[in-house]
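Each of the next two complexes has chain A plus one other chain: chain B in the first, chain C in the second.
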Partner chain A sequence: MKKKYLSYIIAFLIIITLNFIVPRLLPGDPLNAIYGDEVLLKLSAETREYISSTYNLDKPILTQYLLYVTSIFKGNLGYSIYYKKPVIDLLLSYIPYTIILMGLAISISTLLAIVLGIESGWRRGKKLDKFILFLVIFSSSFPSFFIGACFLIVFGVLLNILPFQGARTMYSGLGSFGLSVDFLLHLILPLFSLVFVFLPSSYLLTRNSMISNLKEPYILLARAKGLKDTRIRYKHAGRNSLIPVATQTGLSLGTMIITGTIFIEIVFSYPGMGSLIYNSILNRDYPVIQGSFLFVAVLVLVINFLMDLFYVKLDPRIEYAY
Partner chain B sequence: MHISLKQNIKKDKNAQVGLIIIIILLLFAVIAPFFTSDPQAFSKLILSEPGTGHYLGTNDLGQDIFSRLLYGLRTSMFVSISVGILATSISVFVGVCSGFIGGIFDTVVMRIIDAFLVMPTIIILILVSAFVKPNILSLVVMISLLHWQGGARIIRGQTLSLRERIHIYSARTFGAKKFYILARHIIPDLGNIIIVSFIQNARSAVFIEAGMAFIGVSSLTAISLGNIMHNAFKFYYLPVWLWWLLPAGILLSLILLSFTFLGNLMEKIIDPRLSNA
Partner chain C sequence: MKKIFIILVVLTLLIFSAACSGVSSNQAQDIVRIGDSTGDWGFPSPYGMYSRGPGYIRMSLIFDTLVWKNKEGEVIPLLAESWAYNESENVFTFKLREDVTWHDGEPFDASDVVFTFDYIKDHPWVWVDSSFIKSVQKIDNYTVDITLSEKYAPFLNNIAGTLPILPRHIWENIEEPLSYTGSDALIGTGPFMLKDYNSSEGSYLYEANHDYYLGKVNVENLAFVKISEETTPAMLKNGEIDAGSIPSDVAEDLKQNGFVLEEEPPIWAAKLIINHQSNSILEKKSFRQALAYAIDKKQIVEISQRGFAVEGSAGLMPPANSFWYYKDTPQYEHDSSKAGDLIEDLGWIIGDDGYYHKDGDTLILELAVSQGDFERDAQIVKENLEDAGIKIELVSYESKTLDSMIENWDFDLAISGHGGLGGDPESLNRVIIGEGFNSVRYFENERMVELMRSQLKEMDQNIRREMIYEIQEIYAEELPSIALYYPRWYWAHNEKANIFYTEGGVSIGIPIPINKITFIDI
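Up next is the complex of A and B:
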């Protein structure tokens, strides 16, 4: 585990350094990166100097780096040009939507994947198993934004049964009950697209480990004892098949899941981190791009780290694998 | 590890399908310029339905969607193959060096590999491209620089096990130099693992390039399937999605699907326990 800490520190340093260096890699003045090409033309020499000194751009590069790192630890991620707000406030107002969407999607997809995987592994080679397996492998190849776009067009536009943009109806003037129903309705399409995106990997894992578990001697014993099929399926084989699923969900939580959420949010204009990043790229709001990058990247690192700690507890064999 | 690839492909229907699709798509990508019109040519005919002259109609700028699809396919194929080659070369270089040299060097490299494994690579790519505005070549380099770690880890593990094998010892007793052992004994034995990491890198490169183009941070000049989908998606309220968004999405999914099939086959070859499942 000690070695692992070191990797996380290295990863953190790489991310912070990238965030510091990338804007400075651009040709021309760093002010270009902060304000875009157009604004720079209108600045007078004094204003430029003033801005340089407020952003510490006149100091040596190493001092700039140290100042940058300390300001991050103080929670200062810069100031949004487009929204005219500190970046940290923006992030904090967008992140709850992402957490709700992602949390629900992970819970539903993992539960569904476990049940499907157990049933499928139990019926290995039968029609139902083959059908589910084919469907899952097939759908796992659809990129998340394509799935989202298809769901949006089919359910939102063609059938016109669900709202498909944003998190609530604007200016609806609904009461608190109406608002929560409205919120839930807006959640359905992005949520189910995400479940669809997350399902395959956990399903395949459950099915595989179910199949290998069913060959173990303790299953034979359970059968010899005359236990019911459902009990063997869920209590014996099923429960033991969960370890790799938990590990995998934890490990992919950071990268795959956040990536998927970002794309789905962009498709449905759901006001989470994904939309924030997307809009700030469109608006060339560079401080927000940088700030949200740092926030998401560090979030992924923290989740991965917690999962690393957690699954050693779950499956002590992992500790010896290093 | 003397396993005949041919025989394994013969046994696996999915892999055959995947291989055939990839070959057909590659063929289309290569010969696209010979039977399509200029994908960038504008015309007054905007958002037209499929018909003669334009197999899949035209987009909002009056450009031929079919030609753009094939050029998008070219971009995807180019990115996937070049990232596959570049990222896998980095993996082989880092993994083999780390496994073969060992000691402190190995420890340091392993920590760096682990650090790359826990980082959200696609988010880093989005940040860097939002600033740097890459072209297709620099995009390939960037994706490769962030996708060598998985392969490097497996290759290092395999190198560690290979270098203790008896034929390596005997080669050493005959006075073989280190480089000779690496080039003639270790790297050839890594063959299947190298193919696996090539396929995985190629697959994720297709997805990442399309995804970045969908967000609008990929190369601005190249025609990409992701970019086509992004433009088509703006018109979701019109029936144009049927011949604009859908073909692009299906084409992209087909590429990913066939890479998945091939990848599954290769993983089975490396880890025979999987073939029972």
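Up next is the complex of A and C:
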């Protein structure tokens, strides 16, 4: 297990270095990206110099790197050039939305995928399996923004039963109970669009491993013991089908946060990390790119670490592997 | 397993309550809501706002300038009640209003004005070039003399009407204005005060300043909320917002539904950028003229822009900027044969493949566009140029990558665009002889460069206009870039939000139909 901890530390060190290098490899620089577009601005030499020195952009690259690394260990993620505020404040204001939206979307889609996958795999080739399989494959062939847009048009505009813009009705004069309900209502459309986006891969994985598990001798034994169908389905075959799903969810978390949410956030004007990262890349806002990728990377590391612990619960054999 | 589930539920609830906290329950009555697809334009202080037009507009509700513009674009008094220009000494004298107080109750006077001009010398403010200011002197409590370092024609618009006056008693202690967001950072003299700003949700709530010196503020609360442009029409119809910018295609429908349309003066230029610096074919003027003849701008406007655009003028200045636009600028009507003649004059010979060749080389140029923008335009330009015998390779780049390629002259042809052509023609200088990727950086024609520099110093508007006319004429002849079109953009609003476009743009030339004057009963 010690080796394991060490590998996490090495991974972290590599991540913070890559985080520093990669944004700077993008063509263009923050000053041009942020101020260059606006013809009405007067970016004189003194102004450039003033802004560069305020954000340490005029220092040699090695000094910038050392400043960056030392401040990370002091818990300081730097200062956003575009948003003009500490990156940590910026992240803290966006992260709650992403955690709520992503956390719920991943939990709901994974649970749903597992149940559907187990039932589908159990009934391989039967009507219900064919129906679910068709539905999932059909919906997975659409890009996420398209699913989002369909939900928005149908439930938001045509039926007009759900709010479809933002995280809540701004300045509505609602009381605190009304605000909570309003917040939940605003969550529904983006949440279920994401569930639809995330569902197919976990479903297909569960279904596949369910099918191969059902061929294992221990299933035959369970049947021979006269166990009930549901018990075999969920306790025996189902539980063993969870491992690949858990691995896959843990690994793809980073991509889910960045690529999965961004379109949904744009379609529903929902605040969150996706649009923050997108904007910071567009503006070459190095400190924000660094900070948000660091957050995502640390999150993935933590989840993987938890997964490592969780596997042992799922499959006690793993403990003997160390 | 159960424990993990309970922990998850508790965590979700905690985060949920964190997200909901800080929500002020503001009253919904007497509120005008304006939709915006970006939402967050920064903390609305002069140094905190993001340096774009919408950021300036949000700041301008709180901070006042010496002068301002009315709907017709005429300069009107704001903090200054009158002004005079002494040409021989190059001094502007401003007589200030005596009845103005800051939002915290402190009186406003000449020392605040002197302070602000001094402050931007030490802490450059990107919207105003302080090098034109030689000195600012307080004559008495309500009179200031601003001496310019050289003659500067756009002074009233681009400095006096752009620079927000800061309260000396607050800002004199602030060393790092870019990061200052203290509670007193938003003390101004303007018609509104900020009640709430949420950067992650991109929303602003302003309340009326009942002591405003110019008159009664006729909107109690003004809000900006984040919604995508595509959903703006639905939100307008639902009554969830009162104004917002809309996709051009739905303009007619909204009009029939009783909404008022505001058409933005088409002054944003989409241009074919030409590498006249380091490409041996494109550095020839007659070849660039051939490109202009080969491109069918009408087709681009009708097909790619679905009619919602005005054809580009060869002189760059858009016709919508009626005071400065030269209507007799020579234009290039689409004519492939004229294009062919010009190319043949340069020694190219048309081959069997339909493309020109010279010394065994085919005439090939790369046309770069940024992903998602101008791709339809680029297709038409490619077809037009290929019809004229120029082989085009269409390549698409991420937008900032393309900007940086343009800046480093690392391209042949590109389609890109910029705004800023609706106000004072100083912006022509920035896009013709300025630095950076938005400028064509064209210095080959000495007469044009000389005219550009001297027009800034010409204080007589009519003489200056003649100079601007000549610049357009030369630009059309030299063609360092080809203006393809100026798109038509629309805002829609109901009767609650009485917004309008300001002739020449708000302040320095911002083409957004929110001029604070509309919220004041003068």
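In this text, the second predicted complex is superposed on the first by the 187 of 322 C-alpha atoms of A that agree within 3 Å, B and C clash if a C-alpha of one lies under 4 Å from a C-alpha of the other, contacts with A are read in each partner's own complex, and residues count from 1 in each chain.
Here, a contact is a pair of C-beta atoms (placed from the backbone, for glycine too) under 8 Å apart; a residue touches a chain by one contact, two chains touch by 3 or more.
Note that this is a predicted model, so its numbers are computed, not measured.
Visitor: Considering only touches as defined above, state whether A:6 meets chain B (first), chain C (second), both or neither.
Guide: The first partner, chain B, only.
Visitor: Determine, under the contact definition given at the top, whether A:293 touches first (chain B), second (chain C), both, or neither.
Guide: first
Visitor: Is A:166 touching anything from chain B or chain C once the two structures are fitted on A? First, second, both or neither.
Guide: Only chain C; A:166 stays clear of chain B.
Visitor: In the superposed arrangement, which partner chain does A:47 touch: chain B (first), chain C (second), both, or neither?
Guide: Second partner only.
Visitor: Look at A:152 in the shared chain and tell me whether it touches chain B only, chain C only, both, or neither; answer first, second, both or neither.
Guide: Both partners, chain B and chain C.
Visitor: Have a look at where A:269 lands relative to chain B and chain C in the superposition and call it first, second, both or neither.
Guide: second
Visitor: Given the touch rule stated above, what does A:259 touch, chain B (first), chain C (second), both, or neither?
Guide: first
Visitor: Just checking: does A:282 make contact with chain B only, chain C only, both, or neither of them? Give me first, second, both or neither.
Guide: After superposition on chain A, A:282 lies in contact with both partners, chain B and chain C.
Visitor: Could you tell me which stretches of chain A are touched by chain B in one complex and by chain C in the other?
Guide: 26, 33, 152, 156-157, 266-267, 282
Visitor: Mind pulling up the chain A residues that touch chain B in the complex?
Guide: 3-4, 6-8, 10-11, 14-15, 18-19, 22-23, 25-26, 33, 137-138, 140-146, 149-150, 152-153, 156-157, 207-208, 211-212, 254-255, 258-259, 262-263, 266-267, 277-278, 281-282, 286, 289-290, 293, 296-297, 300-301, 304-305
Visitor: Enumerate the contact residues on chain C facing chain A in the complex.
Guide: Its residues touching chain A are 8, 11-12, 15-16, 18-20, 23, 25-29, 31, 33, 37, 39-40, 42-43, 47-48, 50-53, 123-129, 131, 176, 178-179, 181, 196, 198-203, 205, 221, 223, 225-228, 231, 234-235, 238, 240, 399-401, 403-405, 407, 418-421, 423, 427, 430-431, 436-438, 508-510.
Visitor: Which of the residues in chain B end up touching chain A in this complex?
Guide: Residue list for chain B touching chain A: 110-112, 114-124, 126-128, 130-132, 207, 210-211, 214-217, 226, 229, 233, 236-237, 241, 245, 249, 252-254, 256-257, 260, 273-274, 276-277.
Visitor: Spell out the part of chain A that touches chain C in their complex, as residue ranges.
Guide: 26-29, 32-44, 46-47, 50-51, 54, 79, 82-85, 90, 93-94, 96-97, 99-100, 103-104, 107, 152, 156-157, 160, 164-176, 179-180, 183, 266-267, 269, 271, 276, 282, 284
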